[in-house]
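Letters A, B, C, D, E and F mark the chains in the order given here, with residues in each chain numbered from 1 onward.
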Amino acid sequence: MSGPADFIFYAAAAMTVGAAILVAILPNILYAAVALLFSFAGVAGLYVLLSADFLAATQILVYVGGILVLLLFAVFLSNRISDGKTTNPTHFRLPAAAICLVLFGVLSYAAVSTPYAVKKGVYLPTTADIGELLMTRYLLPFEVASVLLLAALIGAALLSRPDRAASVKGEMEEGKR
Amino acid sequence: MEAQVLFDTLKGKFGDAVVELQGEGCSPAFVVVAPASVQEIARFLRDDPALSFDSLMCLSGVDYKEKFAVAYHLHSMKHRHAIGMKAFLPRETPSLPTVDDVWPAANFHEREAFDLFGIVFEGSKDLRRILLPEDWEGHPLRKDYKYPDFYHGIKV
Amino acid sequence: MSPDPAHGQPPGPGPPPAAPLAHGSAPSPGLGPEAHVMVGNADLFVNWSRKSSLWYLLFATACCGIELMQAGASRYDMDRFGAVFRATPRQSDLMLVAGTITHKMADRVKRLYDQMPEPKYVISMGSCANTGGPFYKDSYCVVKGVDLLIPVDVYIPGCPPRPEALIDGIMSLQKIIMRKKNFGAKA
Amino acid sequence: MTIRTDALPTQEMTINMGPQHPSTHGVLRVILTTDGEVVTRAVPDMGYLHRGLEKIGERVTYAQYMPFTDRLDYLAAMNCNCAWAWTVEKLAKIEVPARAEYLRVIVCELNRISSHLIAFGSYTADMGAFTPFLYAIRERERVNDLFEMLCGNRLTYNYARVGGVSGDAPPGFLEKTKEFLDYFEPKLDEYNNLISYNKIFVHRLANVAVIPAEEAVAYGLTGPNLRGSGVPFDLRKDEPYSVYPKFDFKVCVGTGERGTLGDCFDRYMVRINEMRESVKIVRQAVAQIPDGPVRAKVPRLFKPPVGEAYFRSECPRGETGIYLISDGTVNPLRLKIRTGSFVTMNIFEKVTRGLMIADVVAVIGSFDIILPEIDR
Amino acid sequence: MEALAISLVNAVPLLAGVPLWTVTLLLMVAVAAVILVFALTFEGVGSLVLRKVAGDIQARIGPNRVGPNGMLQFLADGVKLVLKEDIIPANADRLLFKLAPYFVFVGSFAAFVVVPFGVGLIAADLNIGIYYVMAVTSLVVIGVLLAGWASNNKWALLGGMRAAAQIVSYEIPVGMALIPAVLIAGSLSLQDIVRSQGGLLGIFGWNLFHNPFTFFSFFLYFTAAQAETNQTPFDLPEAESELVSGYNVEYSGIRFGLFFLAEFGDMFIVAALATACFLGGWNVPFFHVGTLPWIWGNLLSLGVFLTKAFAMVLIMMWVRWTLPRLRVDQLMRMSWKYLVPLTFVNLLGVSLWLLVFRGKGIPGMIASLFG
Amino acid sequence: MTLDKLLVIAAALFCCGLYTVMTRRNAVAVLMGVELILNATNINFVAFSFFLSRVMGGQIFAVFVIVLAAAEAAVALAIFLRMFSTTGTVEVDAADQLKG
């Protein structure tokens, strides 16, 4: 395969990795979040090239439309947003970088040197297959996932609910004042 | 209720704190009271069931050139009658107790009188300038007020 | 044709894309008459677009504000001229100072003007904004004319001016805009 | 490290609403302290239109002050004109010809209609429905036409005079007025169909910023804001002045029909219903108006006797009380104007506590304030 | 796209030497340009129509002085906005402030790719069509949120937060209300969905009349979609009377223009999806477009599609100029307490219907009764 | 586009995520790093599924990972909010109440 597909592949790969590096190093957490958006988009591009169109759309929908929004909300709610500045302190930079570089070397070496029995990939629409598999072979994981989501939903709602005991206490203090 | 009757009631209750009845040429008539007892008289006027002046229509500062005055115009929703109450103040230290805990409506009026006349209402919960900027000099509605030449570099 | 010096509007810097041109000196002598025609047409087009889309800032202080509202509403409908109101100064081209400006308000007016993007125009609507109007003599807190604060392009007399007068003022402003030069030589 | 035990994870934010804001009805500034969307405190900051009308009053003659009353409440200039005239007449005990009084009542009520139209229109615009606003202006233009016919002005009329009005109604004016009334009365039903009982609109207004009757009285609210709380107090009925006793009309009060008594919706509905009553009054006045002079003989540079008068009249935004002190010269010694909007703003901070930002807009709109009345 | 490129290379001898991928790439760019031009024109004309319709509704005239009968108003507005000074407020976050409008614009513009304008007129008939639209429009949230934050203006921040909460909440009912159309067609591709509504039933072949549940889900979709695209009565993020101008309060010039265009783009996307999924798309009633020559078939179907879509846009404008605005808590309540449960129940109903009646709709059953 | 290139990309993404997780003190940033790691694994799943098998298993697994990520992000946000309301910060070092 040559031509546009390769070009798009390299572009997507560069975007993914470049943005990921920015996520790792950018001092402003909001910029990091925006870089993360580009990284997600790049991964979605790679999915398209890997004939995973459904997954690509899911990636954008869930990661960009959902998780990233949650992250942004988390940033906004956990910083003094009205001050306008968001800091993102770091620590242990050098040892971490060393570990990561070594790990990257090892992983890349392993990836490149392992002889995989590569078959030629086939481009096929996947949505119907994924749907069918989810309803047949992977039905149990699917149901477990739905239970997990429900649990997460309830858990998140419970956690972020204002603390009743604390608020009662606060009201009492208010009353005293 | 006739102004005279009301005046007599007040006179009987508060004695010297109630100075005179200013009925001539005034409509409605004014009961002139001593500034120090404005608050208790106001409370009585509001709470006495026969009077129950539950509404403060207007509170105005007045500069009579030789002295200041604060005029209260009262109205009773219950009995549908009205009366004026007035307290004269010396020019040098114009101050008297606030009535904003008797009638909440008084607050803005008092702030305005403070702003434009410099009359101090002791005990007011929030006595700031209301209409003019915080850094404005002088109290414009006093008769001896001199218009400033410039404000923030703009000709007045 | 030169920018009207009679009006207080400082010769506005050209639009951002044209800035290098605008700051250049006189057109180089090598340019023939056709070049001027080009520049002239570009000017015409740019000025036409600006005059046809005068979004005004919703900024009414006093009585004139009501006439401004009525001029924008059913009977007079300034939207016919492409003039619609925007609530934020960042998106408006025209500041209609409609009503009395007091000293307390003065620096706000200035700030609003500063917040508007170039090119921007100011119409002083009504006597109060022109001179202080009926409050000129006896009031201690009225600014005697908004032109003490910001440059004004068009003055509309009246207390308050009728909507017709306001529309006439806007059309005068449109004429002024059509005379502006954005490209080539500066006067 | 200390652990905070209070349940206030969010920070409060201070927002400036105004002086240039689309829904503060002028140059009102409200300093909002909010916790997210919930307003914890809303402090009004006024005076951006303070023009010193009371000081001016001490420096001009009684007749010269008339144009300034136009600028006191430019949406209801006729009412202010007449209030001034009535005050001076009360102070100087001047008899006014009957025809002039009828004309005054006609123009006051017409102006009440046009003022309530703006209140209605801008309120709906504040609530996000822009169209009714333009409909209201469409009707208002017709009232303006009538006034233009009468005195040549659209907004600042300067029509009343001490001792009468500036001129008799031109021929055809009364017929045109009747025509307008016939045209206008059905429009009120149109408004009610269009927006008043719109579900969203009702949901936005009902139960918002409830003012109980006692509180409204204690804070000195007047006019539609007081009647919205269910207090049937109307100066035209309860302390009649001019020729109002001759007319049959109803005092509209809030009924709490869609929520709690005294909420924004009640104040809104009072205005709508009052327009209907005004139509009724104008109809009767037009039918009963006598012939005769429209102006008593009053010297141009007249000096009222020494004295003090407090006159209150029912303006669209509540009672306008003018406290006038004369020292016998051509200028008043002191002139204090107590306006409905100014007094209403006093309760603003109290009722907006705990509401949402959108409700603050609803409250400002339901009070139908106008800035020159607040700042003067 | 590649198939088209192959046919083009075969048809035009001049292109014989050019590598196939170059042709494909050029073709992609060309199609993108056409779509962009269409979108911009639509958005320009849309704003003009909006103002004209607003004028009609509001008993006034609307633009009529700029160009013949005001036709060039949008051009003047556009040129003016482009030439305006581009202010970046002093305390704003410059990078994000500049970036945010593009997210919004891309999010709205990218959805045009899968809109089935005609029987053969679609930029890319993705097999995940609807899903793709849902995905790319979620970019808008990020843009709006960042715009609100980067402006360093509290009104903008409030607007951005409102917008994000609103769009995220209403994405769910929008998606759920569209699924019935997917279920009936058995495909996510918008072309397939449109084709499934063809046939000789005429307008009764539309998904709208397929069964009571689809009829209901059309209205659910239309309501939720208006909220997702911040149209009145759900225009809280830019509520003029509350938040001055919401998240775009600090934007001027062309960056504001991008927000403005995106708004109309969103409006059209909503109308187009409603048309494609419920109103039969480009299907001409009682007539099979495929039998016509390519060019005529496409023109006819394009005309039909645009007519329907514009009708929907007009309805949106009508609603916009009629209704007042909800309050933010009411808006959230409406989504989570009413629309989300209703769409779920509705989806269940459609699925059961399809199961019980084997995919047949009411008109189809009636038609088969009469043979 | 070959398998090993994709694996290298995934490795790079993984390392970036790991670095973020290790160095950041802000919990939200740590979460971003976790998301990067999850994405890296997803690329691996999809790539192996594309190049080595004809079965959709890899993609299905990726879908589950995305579901997991969504659930995790929601709970994480809730925890951060809780943490912010109790400690006034979301720096991970601050959450040391359970330290022995």
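In this text, contacts are C-beta pairs under 8 Å (C-beta built on N, C-alpha and C of every residue); 3 or more make two chains touch, one makes a residue touch a chain.
Predicted model, so just to flag it, every value in this text is computed and none were measured.
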Chain E reached from chain C - shortest hop count over touching chains: 1
Chains touching both chain C and chain D, listed by label: B, E
Number of hops, chain A to chain F, where each hop joins two touching chains: 1
Greatest separation from chain F - chain, by CA centre: B
By count of C-beta pairs in contact, the leading pair of chains: A-F
CA centroid of chain D to CA centroid of chain E, Å: 45
Inter-centroid spacing, chain E versus chain B (mean Cα positions, whole Å): 64
Chain centre separation in whole Å, for chain F relative to chain E (CA means): 33
Interchain centroid distance [CA atoms averaged], chain B/chain C, Å: 47
Junction residues of chain C - those touching two or more other chains: 73-75, 87, 104, 140-141
Of all residues in chain F, the ones touching two or more other chains: 81, 84-85
Sequence positions of chain D contacting 2 or more other chains: 7-9, 13, 21-22, 47, 50, 52, 55, 134-135, 138, 375
Residues of chain B touching chain C in the complex: 132-133, 136, 140, 145, 147-148, 151-152, 154-156
Of chain C, residues touching chain E in the complex: 15-18, 45-46, 48-50, 52-53, 73-75, 77, 79-82, 84, 86-88, 90-91, 93, 115, 117-119
Touching residues on chain F, where the partner in the complex is chain A: 1-9, 11-20, 22-29, 31-33, 35-36, 39, 42-43, 46-47, 49-54, 56, 59-60, 62-64, 66-82, 84-85, 89-91
Chain E - residues contacting chain A, complex: 19-22, 24-25, 91, 93, 95-96, 99, 126-128, 131-132, 134-136, 138-139, 141-142, 145-146, 149, 152, 154, 157, 161, 164, 168, 171, 188
Residues of chain D touching chain C in the complex: 19-22, 26-27, 47-52, 55-56, 59-60, 67-68, 70-71, 74-75, 118, 133-135, 137-138, 140-141, 144, 154-156, 371-372, 375
